[in-house]
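Right, I'll just put the structure down here and ask away after.
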Amino acid sequence: MSVTSWLRPATIARAHCDVPCGIYDPHGAVLAAKTVARMVELIGQIEGDSVAAHNKFARCVAVKEQHAEKVKREVQVIWSDYFKPEHLEKVPELHSKVWQLLKLAGRNKQSVDAEASAQLVAATEEFADMFWATKK
Amino acid sequence: MSVTSWLRPATIARAHCDVPCGIYDPHGAVLAAKTVARMVELIGQIEGDSVAAHNKFARCVAVKEQHAEKVKREVQVIWSDYFKPEHLEKVPELHSKVWQLLKLAGRNKQSVDAEASAQLVAATEEFADMFWATKK
Amino acid sequence: MSVTSWLRPATIARAHCDVPCGIYDPHGAVLAAKTVARMVELIGQIEGDSVAAHNKFARCVAVKEQHAEKVKREVQVIWSDYFKPEHLEKVPELHSKVWQLLKLAGRNKQSVDAEASAQLVAATEEFADMFWATKK
Amino acid sequence: MSVTSWLRPATIARAHCDVPCGIYDPHGAVLAAKTVARMVELIGQIEGDSVAAHNKFARCVAVKEQHAEKVKREVQVIWSDYFKPEHLEKVPELHSKVWQLLKLAGRNKQSVDAEASAQLVAATEEFADMFWATKK
Amino acid sequence: MSVTSWLRPATIARAHCDVPCGIYDPHGAVLAAKTVARMVELIGQIEGDSVAAHNKFARCVAVKEQHAEKVKREVQVIWSDYFKPEHLEKVPELHSKVWQLLKLAGRNKQSVDAEASAQLVAATEEFADMFWATKK
Amino acid sequence: MSVTSWLRPATIARAHCDVPCGIYDPHGAVLAAKTVARMVELIGQIEGDSVAAHNKFARCVAVKEQHAEKVKREVQVIWSDYFKPEHLEKVPELHSKVWQLLKLAGRNKQSVDAEASAQLVAATEEFADMFWATKK
């Protein structure tokens, strides 16, 4: 997420509920992407063939899976619930960017790949910037 | 869902998993939309101010909520996981149609409205047709 | 599922809710069983000892587990909510067939066995036939 | 649950997992049924038309729903995973008793009825007795 | 959350996983508390006895319940997983503060009370300050 | 759990709901801890490098994870919802004991360690004794 977006605490909130409560926040998606990247890093550090190593591997894969899924869900909620037709002028590539981001999250489930996870973090940060661009 | 799509059982399957296993099916989204419509209908038939009536109302609203959410999830999975760039030629409006469908599902959570639920059923059937168009 | 059952789209629906909304469908159970079989197949194709291979193995086992559980849940819902005492005449073995099907789903969790998964697909198709037999 | 069953702590456990770990316990089903009955009681005590009263009603209905569902799930797990063919001699009515119990749980979702909830408690206690009968 | 805590983006993260990945963040708890407060506000604005009003009431109570639960869960995770014995010097009242916060979240489930929800927001912000105090 | 606590069936119940319904029970936490211990035992018995062995390992780790999480959740609910300020006289170490128990549950997720799982069982039994001490 860009540093500037962090300087608007009053408007930061969390996407979630369809009530609508007007509370949306791309923060959760960015952190979930960073967690995916962290899991890829941790998996890369596992060594040996011990039970402890296998236990750690199984748990890191599960957390990676959950957080890649969380990226998808959080982004989809903001995309479908927060963004309005009038925002598309400011972010004309919104739909295709979201589509590619969700596909990238899927690839991060299917692989253990530091480059793919770095791309996922970058894509969620870009998504957060699109979100904040419409708040100006 | 169109009748013709029902005549292709061998390729019908269910969207779900990112493995990828190549199994996708818009059937679940259509049925979830029909369940939303059925709940709107049942809510409209509730009469009186008894505890039984309030129990039924609370349960129908909860089921409506869950199935509107299910519509969103099932459509999003097929959109992000099944559809590939090469499909966009055949269904050029895919992204905006999906976006509007998800918003319509949100409106069905927020309201108890027979017209909105009929639109949701139609939108999921149209989505199913887009899916099958790419299978030809 | 038998081909004939696919030719009755108007009455096909999905088991789910206890409202009751009168919407039941054995389709979900059959597809979940097919997904279990597909996971067994995918696991059998995994080769080597790479991180990618282990990631795929862990994910396939998790999907197998979830869908074997889904088979159990979908079948149990139709069994307990849809089937009425008057149906038992047409399907006198209903209870023991369901019991064996659920046990078979459990065995598919515990093993990675193509024969067991083929039996599970067959058992859910037989269950679907029992369902449709009561619809005639 | 009968008092005698409480005197066998060493073998008491919880149904849950298909591993199999050999740990099963009908205690959870009985308590979930008692919670359903408690919710029916609490709903009956709600008075007036205040926001607080409606808040409490909505929450009690939701808890009733969840615990009626929990009854169904816990009983189904023990029925399908714990009970073996050789147990059917001791509890020949197992299948139909379970079937009726699950239907009764469904009725408790659909109604707010002290008699139905008392029957559900009795049915889960009878199920627990059948379970313990096979442990002797 | 205090403004100063927002100025440390590099260390902000999300509590979640027990891996441990070293990623914790009280942000989610604060926002969940604000969502509870927003639901209390929305419930207070509902007027009339229409189906739409009842639909909105049911949904707001459900969202309030979920987010009060989310407050409890997020706080408990940070309390049990992030805080170490050496932190207790800096935040000697940690345990009793957390205990009272969780009880306050429970009261917000049981009531629709603007004062209680404002206290919950304040308590999560105080918890966030305790978290950041140990990061200095 | 101590044998004496088993002799009070009338007051045994299950922690769960915040309604409040006055129904709490440490039994679930103890059994979840025993399930963690059983999984550690089963993992230790797995031999060889077959697909079946890997399938079993993955499933046992997942069940261990879920039940360690269940220990945390069940204990946290009783701690925050059941225990009242007046109980602290009888169980002055309640907060720090709960804190250590939750940390121990986390360690059981991170490891496959018979000693750690035995400690977890003992800690939940001690927690159950604290619970029952306040019931006298």
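All chains are identified by letter, namely A, B, C, D, E and F, in their written order; residue positions are counted from 1 within each chain.
Here is the rule we go by: a residue touches a chain if its C-beta (ideal position, glycine included) is under 8 Å from a C-beta of that chain, and two chains touch if they have at least 3 such contacts.
Keep in mind that what you see is a predicted model, and the values were worked out from it rather than measured.
Chemist: How many hops, at fewest, get you from chain A to chain C via touching chains?
Modeler: Steps on the shortest route: 1.
Chemist: Chains shared as neighbours by chain E and chain F?
Modeler: Neighbours common to chain E and chain F are A, D.
Chemist: Look at all chain centres (mean of CA atoms) and spot the one farthest from the centre of chain A.
Modeler: D
Chemist: Suppose chain centres are the mean of their C-alpha atoms. Which chain sits farthest from chain E?
Modeler: With centres defined by C-alpha atoms, farthest from chain E sits C.
Chemist: Quick one: superpose chain B on chain E by CA and send over the rotation angle as a multiple of 5°.
Modeler: Copies differ by a rotation of 120 degrees.
Chemist: More than half overlap in residue numbers between the two sides of the chain D-chain E interface, or less? Answer same or different.
Modeler: The interface of chain D with chain E is built from mostly unshared positions.
Chemist: Could you see whether A-E or C-D has the larger number of C-beta contact pairs?
Modeler: Comparing A-E with C-D, the pair joined by more C-beta contacts is A-E.
Chemist: So how far apart, in whole Å, are chain B and chain C when each is placed at the average of its C-alpha atoms?
Modeler: Taking the mean C-alpha position of each chain, the two centres sit 22 Å apart.
Chemist: Averaging only over C-alpha atoms, locate the centres of chain C and chain E and give their separation in whole Å.
Modeler: Each chain's C-alpha centroid was found; their separation is 40 Å.
Chemist: Could you put a whole-Å number on the gap between the CA centroids of chain C and chain F?
Modeler: Inter-chain centre distance comes to 33 Å.
Chemist: Where does chain E touch two or more other chains at once, residue-wise?
Modeler: Those would be 19, 58-59, 62, 109-110.
Chemist: Check the chains against each other and report every pair that touches.
Modeler: Contact pairs between chains: A-B, A-C, A-E, A-F, B-C, B-D, B-E, C-D, C-F, D-E, D-F, E-F.
Chemist: For the complex, give me every residue of chain B touching chain C.
Modeler: Residues of chain B touching chain C: 1, 3, 6-7, 9, 13-14, 16-17, 19, 21-23, 25, 27-28, 31-32, 34-35, 38-39, 42, 59-60, 63.
Chemist: Where on chain B does chain A make contact in their complex?
Modeler: Within the complex, chain B contacts chain A at residues 18-20, 69, 72, 76, 79-81, 95-96, 99, 102-103, 106, 109-110.
Chemist: Going by the contact rule at the top, pick out the chain E residues touching chain B in the complex.
Modeler: 51-52, 54-56, 58-59, 62
Chemist: Residue numbers of chain D touching chain B in their complex, please.
Modeler: Residue list for chain D touching chain B: 43-44, 57-58, 61-62, 65, 109-112.
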